[in-house]
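Should a chain be cited, it is by its letter among A, B, C and D, assigned in written order, with residues numbered from 1 in that chain.
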Amino acid sequence: MAGNSIGKEFVFTSFGESHGKLVGAIVDGCPAGLPFSEVDVQADLDRRIPLQKPELVSGRVEKDFAQIQAGVFDGFTSGAPICMTVENKETNSSDYEAIRDLPRPAHADYTSRVKYGGFNDPRGGGRFSGRITVATIMAGALAKKLLSQFDVDVMAYTRSIGKIRTEKQLGFDQIRNSRYESAVRCPDIACAEKMEDDILEARKKGESLGGTVECIVLNVPAGIGEPLFDSLDGDLAKALFTVPAVKGIEFGGGFSLAEMQGSEANDAFQIQKGKVTTATNLSGGILGGISSGMPIIIRVAIKPTPSIAKEQHTVNLSKLENAKIKVSGRHDPCVVPKAVPAVEAAVAVTLADHMIRAGFISKIIKRKE
Amino acid sequence: MAGNSIGKEFVFTSFGESHGKLVGAIVDGCPAGLPFSEVDVQADLDRRIPLQKPELVSGRVEKDFAQIQAGVFDGFTSGAPICMTVENKETNSSDYEAIRDLPRPAHADYTSRVKYGGFNDPRGGGRFSGRITVATIMAGALAKKLLSQFDVDVMAYTRSIGKIRTEKQLGFDQIRNSRYESAVRCPDIACAEKMEDDILEARKKGESLGGTVECIVLNVPAGIGEPLFDSLDGDLAKALFTVPAVKGIEFGGGFSLAEMQGSEANDAFQIQKGKVTTATNLSGGILGGISSGMPIIIRVAIKPTPSIAKEQHTVNLSKLENAKIKVSGRHDPCVVPKAVPAVEAAVAVTLADHMIRAGFISKIIKRKE
Amino acid sequence: MAGNSIGKEFVFTSFGESHGKLVGAIVDGCPAGLPFSEVDVQADLDRRIPLQKPELVSGRVEKDFAQIQAGVFDGFTSGAPICMTVENKETNSSDYEAIRDLPRPAHADYTSRVKYGGFNDPRGGGRFSGRITVATIMAGALAKKLLSQFDVDVMAYTRSIGKIRTEKQLGFDQIRNSRYESAVRCPDIACAEKMEDDILEARKKGESLGGTVECIVLNVPAGIGEPLFDSLDGDLAKALFTVPAVKGIEFGGGFSLAEMQGSEANDAFQIQKGKVTTATNLSGGILGGISSGMPIIIRVAIKPTPSIAKEQHTVNLSKLENAKIKVSGRHDPCVVPKAVPAVEAAVAVTLADHMIRAGFISKIIKRKE
Amino acid sequence: MAGNSIGKEFVFTSFGESHGKLVGAIVDGCPAGLPFSEVDVQADLDRRIPLQKPELVSGRVEKDFAQIQAGVFDGFTSGAPICMTVENKETNSSDYEAIRDLPRPAHADYTSRVKYGGFNDPRGGGRFSGRITVATIMAGALAKKLLSQFDVDVMAYTRSIGKIRTEKQLGFDQIRNSRYESAVRCPDIACAEKMEDDILEARKKGESLGGTVECIVLNVPAGIGEPLFDSLDGDLAKALFTVPAVKGIEFGGGFSLAEMQGSEANDAFQIQKGKVTTATNLSGGILGGISSGMPIIIRVAIKPTPSIAKEQHTVNLSKLENAKIKVSGRHDPCVVPKAVPAVEAAVAVTLADHMIRAGFISKIIKRKE
C-alpha cells in the first residue's frame, strides 16, 4: 500500500474521504520563503465549480473553504510541511449500505472492495470520489505559486466534450484569459455553447459524456526531467492518471505521430532571438524525457461519468448473482469541466518537483532581510 | 537527478551506455527461491532483433549475450540484488565529435547536452539510445519469470506501422503464439507483410515510420494497484514512457471513450463461472487505478525514428546559428518491432512490483526443502 | 528538503509546529481492517505528561486531545491514509521576536535559521520543539495497535537520570506494568525517587539533566529487517535520532562489546522448547541487520535539556558579535521522562514498517464478514 | 525487501556476494562534470588491507582491482549511473555445505537463512560478509572526490582495540596524515603497537577483539540535514549500521552527555574570525539534525569478530538439536582496521547525498568549455 504521496523533492500527500470530516493535502519540500496564503488556494478551489451553470455539474455546489493548518508563518512558507484542508459539509450518506453489494459499473466500487477487504469507506465513493481532486488542487495552488516565481505558466482547457471539439487555433493568451469564462472551461465560446447543450441533453436522457482536456505549460526551461524512469513525460503521465476518469494521455503530436513519416514528425531546430527553438512542436516540448524549452503540450482523454440514471447490469457481490442497478443521487453528467483545474494542479505539482530536482529552484526562495 | 530506478518492492535500476563497456540491470527485491538462469534472459533478449528480416532494422544485429553477475545461487534467486549485464561489441564511435554541435532533430542530443552541461556520453546516443532497452528487457525477463509462477501472461504485438493497421480480431492464443513470428512482430501475417513493405519503402526514401503497440496482460488478479498516485495505470504509463519514442498511451477504450456516452462506455458486471467479470472491457482491466481481474489492455503510440537520411534543419550549438544535418550511420527505419519486447518488459516489471506490493507475491517463493 | 516522512510500507509523515494551530501525523500504508479509535491514541498521548509530579516537567501540562481526521471508518482502518491531529492550546509566543537573534546554546535555533533562511517558525522552537513528538506518539499508537495483533510488545523505560542508574535486574513483566508508574518512568521505584530528587535539585540550580532510556521489544519473529541499508538496527537508529536530544544509541551489549573477546560476546545458539534461541542476548536480538527472534534491546543517550536558567554565552546573529542569554519561560529540567513514550513510538513505527515489509503483516488484517 | 540502496539524491546501490563473481556499486545522482577515474577508487580500496602486517587480518590479502563499468566519459562523470566493480578471486567455497546447518554464533547465518528461506548464498557469508564493504568503499571514493571539491574532509581512525584506547589528544592534521600508517589504523603509533600485540595475542588464543572507530568530518557548512526524519545524525547512523559488527554509535559527547548537567553539555556560541562557532563541540557538529559548521564527530562501537577458532555451542537447524562448532578457515582476529575505510565511506556517501539535498552541491559541477 502507501501510494498516497507523489514527488521526490516537492512531495505531495493526499488524504481524506469524500464524505469524511475533510479532504487534505500535505506538501513536504516546498522551499522556504515563498509568499503564500489561503487566498492563493481559494482562487484555484473556486475553479472546480462552474458557477456560471451549476446544472452542468452535480448539485454539490456549496463553496469549499481552504484552510492552511501548518507550514506557513508570517505569510511565507517556512520550510516545514505545509498542510491544507477543506472540511466536507454536504455529506448525506444515509443510503450507502443499501448499494454496498451492488458495484456501479465502471466505478471503483468493486475493485476497492476487493483491495481493502470491504473496509474502505464507501460513502460518496470515499477515496475514489472526484472530490479527492480538492486535495490535488490545493497542492497545485502551492505549486503554481512557486512556479509563478519563475514565470512558468500552467493552463488547461476543455478541448472536446463528446463529439464536439474546438478546431479553432487558440492563442496562448486566449487560453490563459478565457479558459474559466465558460462553464465547460472551453475558451472557444461558440464551441462552449454547443458543449453545454450536449451535456444538458445527455443529462436529460440519463446519460453522461466524456471529453478531452489539453494542458499547455509555458516557460519551462530546457533541461527539466530525470532520465531514465523519472522522465518528465513519464512523471506527468503518472500524475495525470490520478485525475478521475482519465484513460489516455499524449504529448505533442501524440497518437497522430504514429502515422507520420520522420520528416513530418521531426521538429527542426532553429535559432530565434539567439535562443534554440524548434520550428514546429510535435514533440510537445519534451525530448528524451527532458524539457526542450518549447511549450509543453499534454492531452488527456476523459471517459463519460460512470454514474448514469439509466438502469445498468451489475452483480450482487454477496450473493454472487447478476443484478440491476439504477444509480440515484447527485451526479455530474460530465466531469470534464471539473477535471480542468485538476489537470492543471497535477501538472503543476509534477513540474514544481522536477524544477527543484533539476536545480532550477533552490531550497530557499530568498533569505530573509 | 537519480531517476534510473523504478519500483518500490521490485526495484529495477538501469545502467550503462550505448557505446560504453556494457548495458546492465539490477533488480533489488525479487523474492528468493525463484528458478532463474541466463537462459531465461537470453530468450527475451533474442526477441529484440528480428532475424527474419535484418534489413528492417539497423545493421547492428550481432547477438547480445546476457550474463548474470550476482543474486542467483544454485539456480535460484537468493534474495540478494540480481545484476545482469550485456557487453557492447559494435561500438564504432569515431565520428561523434564531428556532430557534437549539431543536435539531431527530435533526438535527445540537445536536451541531454543542456541537462548534463556537455558531459553526457554522446556516443551512439549514450543513455538515450534505444539500446538501453536491453537493460529493461533483462529486468523484464526476470519479472516475467516471476509472474509466470502466478500464471500472469504479458504479451505485446505491433498493431500498426504508419498507416497500416491490423483490423483483424486477434485471439489471445494467436497473439501469444505468433507475435514474434513476423519480423515486424504483428501476428496478423497478411498485415505484417504490408508493414514490412512500407518500412523498406520508407528506408529507400530516406524516411522512417512509427506505429502503435498493444500489450495485453492476462490473469492479473483483481486488487492490484495502489491509489492514489501509485495507481496501476499511472505506474504502467510512467514505465512505458521509458520506451524510446513513445508519445502516447491509452488503456482499454482510451481516447475513443472521450466520444462515447456513459451507457456505451460502462462495462456491465456479470457473474461468469462463479466469478465477477465484465461483459465488455473498455476499462482495459483497471478501475480506480486497481486491477479488476479482466485482461489489462494498453496501447502506446511510437513516433517515427528521428534519424533519417534526408537532410534536415538544425542549429550549431557552439556558434548559435542555423545549420543543416544529414544523419549518417546505421539507423532503424522503424523502431516499432524492437519496441515490442521492451513494452512487454516495462509492463512486466511494473506488474511484478505491484503484485508484491499488493501482497499477491510473497517474499520467498517457497522455502528450500 | 522533504524529510518529514519515514518508512516504506507504513509511511508516517509528521507535520505541525509547536505554537502553530496543530501537530499532526499521517500514516499511509496501514493495513485495512485494524480496529482503531481515538481511545487508542489518547492512552499513549497521556503518557507524555507525568501527572504524578508535574513539577518535573515544564508548566505545559494541559491535556492534549487526539482527533482522527481521516482513514478510519466504522471503527476500523479503511486502507486510506490515517490523519491524526492535536490542537495546540498553550501558545503564548509574544516574546520570540526579542530573542530571534540570540540562538540558545545546544538548541536548533542557529542551525534552523541558517537552513531555512530565517523563514522557519521560531515560536516555541517550531518544528524543533519536543512537542513534535506528539505526532510521533500518535503514529506510534497506531503502530502499537497493529503490532499488538501479532503479540509484539514495545516497552521503554528510564534507565538513568544524570548519574543515577537503576542497576536492578528488571523483569519484562515489571517493566511492562510499572514503567509509567513513577513520574520519571523508571520501574525501579526506589531508584525513581532518587532520580526525581536530582531533577528537582537541578531545576533549583537553574540546571538540567540528561539520561538513558532502554527499549525492549518482545515477540518480534526472526527474519525482520532488510539488508543491506534498510537493516533493522539501521532503521531503528534513524527513527530514534528524531527523538529530541538523543546523542547515542546502542543495541544489546553495545559499546561494552568493543572491550570483550569473541567468546564472551558471541551468543551461543541453543534449542529451547523446540525453538532456536540464544543463551545470552548481547546481540540485542539483531544479527546481520535481521531480527533473531530474541528480545530486541535498544539503549539511547539523551543529553540534558539545553534550556537552562543560568546565563550562557551566545552570539547576536544580526550583529555578529558575542552576547549573553538567559533562557526564560517554561522548560523541562529533564526531558527523559517525556522521551520514554516517544522512544516507544519511534520503535513501534519502525517495527510496523518492517513487519509489513518482511511479509509478516498482510495488507488486510482480515476480510470483512 | 529491496534494502540495498541508500540516499535520495546521491543514491548508492550495493550488489554482489563474497564468493560470487564480483562485488559492485552503482551510484545514481552523482553530478555531471566531476573528474573521476579508477585511480581514485583504487586508492581507497587499497586501504582495506593493512599490508604493513597482513597477519592482523585473514589470509585474504590479494589486491582488489576496481573497474569503472559505466557513468564516466572522457575522465568526467557523465550524469549517468556510475557502476564500479571488483572481481572476486579467492573464492574457495568447497566446504560451505558441511556447515550449512550449523549457524555460527553472532553471525548472520541463522537470520539470513530464515529470511531467505534457505536460498541465500552462504559461501563466505554471501551478502553478509565483510567483503561487501568493498562496494561501500568504492561508492565512498566517489563521494569523497565529490566532497573534496567543497573542501569537505572525512577521516576515520581506530580509537580503541579491546581495552587499549588512545588517550592522546590527536590533532586533525595528525589524524589526516597518519591514520593509515599503522596496520591497525591508529595514528597514535605507541598505542598502535600495543593494539597489534593484543590482536596477535587474541589470535593465538583462538579469540577475537573489537574496538571503536572515530570519524571526524571537517568543513561541512552549517545547514546540512533534513529534519525531521532525514536528519544528518539519523542518516549517518543508518548508513553506519551497514558496516559489519557495528553495535553502537554516538555523536560528540554521546553517552557521556547523559551524565552531564546542562551548563556542562551546552556548547557556547562565539564569534571567531567573523564566523559563528562554538567554544566546545560536545554536540559533535549537529544540532536539531542539522550541521552547525563545527567538525562532525562520530564514534562507533565494533564487536569482536564472531568467527573464532575456539569451540562454541550452536544448533543443528535441520535436526533442531544442540550442536558444537569450530569455525575453520581464514578469519580476521579483529575487523576494526578494515572497518576504518568502510566507516569513512559510509559517512562520505551520506554527506554527499545531504550536501546535494541541501542545495550546496549543484547538479553539474561546472559546464563543459
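Just so it is clear, contacts are C-beta pairs under 8 Å (C-beta built on N, C-alpha and C of every residue); 3 or more make two chains touch, one makes a residue touch a chain.
Worth saying up front: this structure is predicted, and the values here are computed from it rather than measured.
*Asks:* Hop distance check: subunit B to subunit C, minimum number of steps through touching chains?
*Replies:* The fewest steps needed to get from subunit B to subunit C is 1.
*Asks:* As a test of understanding: of all chains, whose mean C-alpha position lies farthest from that of subunit D?
*Replies:* When every chain centre is compared against subunit D, the largest gap points to A.
*Asks:* Averaging over Cα atoms per chain, report the distance between subunit B and subunit D in Å.
*Replies:* 39
*Asks:* Calculate how many whole Å lie between the centre of subunit A and the centre of subunit D, each centre taken as the average of the chain's C-alpha atoms.
*Replies:* Going by mean C-alpha positions, subunit A sits 46 Å from subunit D.
*Asks:* Suppose each chain is reduced to the average of its Cα coordinates; what separation in Å results between subunit A and subunit B?
*Replies:* The separation of the two C-alpha centroids amounts to 27 Å.
*Asks:* Touching two or more other chains, which residues of subunit D qualify?
*Replies:* 1-5, 8, 14, 115, 127, 358, 363-364
*Asks:* Given the complex with subunit A, which residues does subunit C contribute to the contact?
*Replies:* Checking each residue of subunit C against subunit A gives 1-5, 7-11, 13-17, 20-22, 24, 26, 28-33, 69-71, 73, 76-81, 83, 85, 115-121, 123, 126-127, 363-369.
*Asks:* Report the residues of subunit C in contact with subunit B in the complex, numbered from low to high.
*Replies:* 8, 358-359, 362-364
*Asks:* Name, in rising order, each residue of subunit A that touches subunit B in their complex.
*Replies:* Going through subunit A, the ones touching subunit B are 1-6, 14, 103, 105-108, 110-112, 114-115, 127-128, 132, 160, 162-163, 202, 207-212, 222-223, 225-231, 233-235, 237-242, 247-255, 257-271, 274, 276, 278-279, 282-284, 287-292, 301-308, 310, 312-315, 317, 320-322, 357-358.
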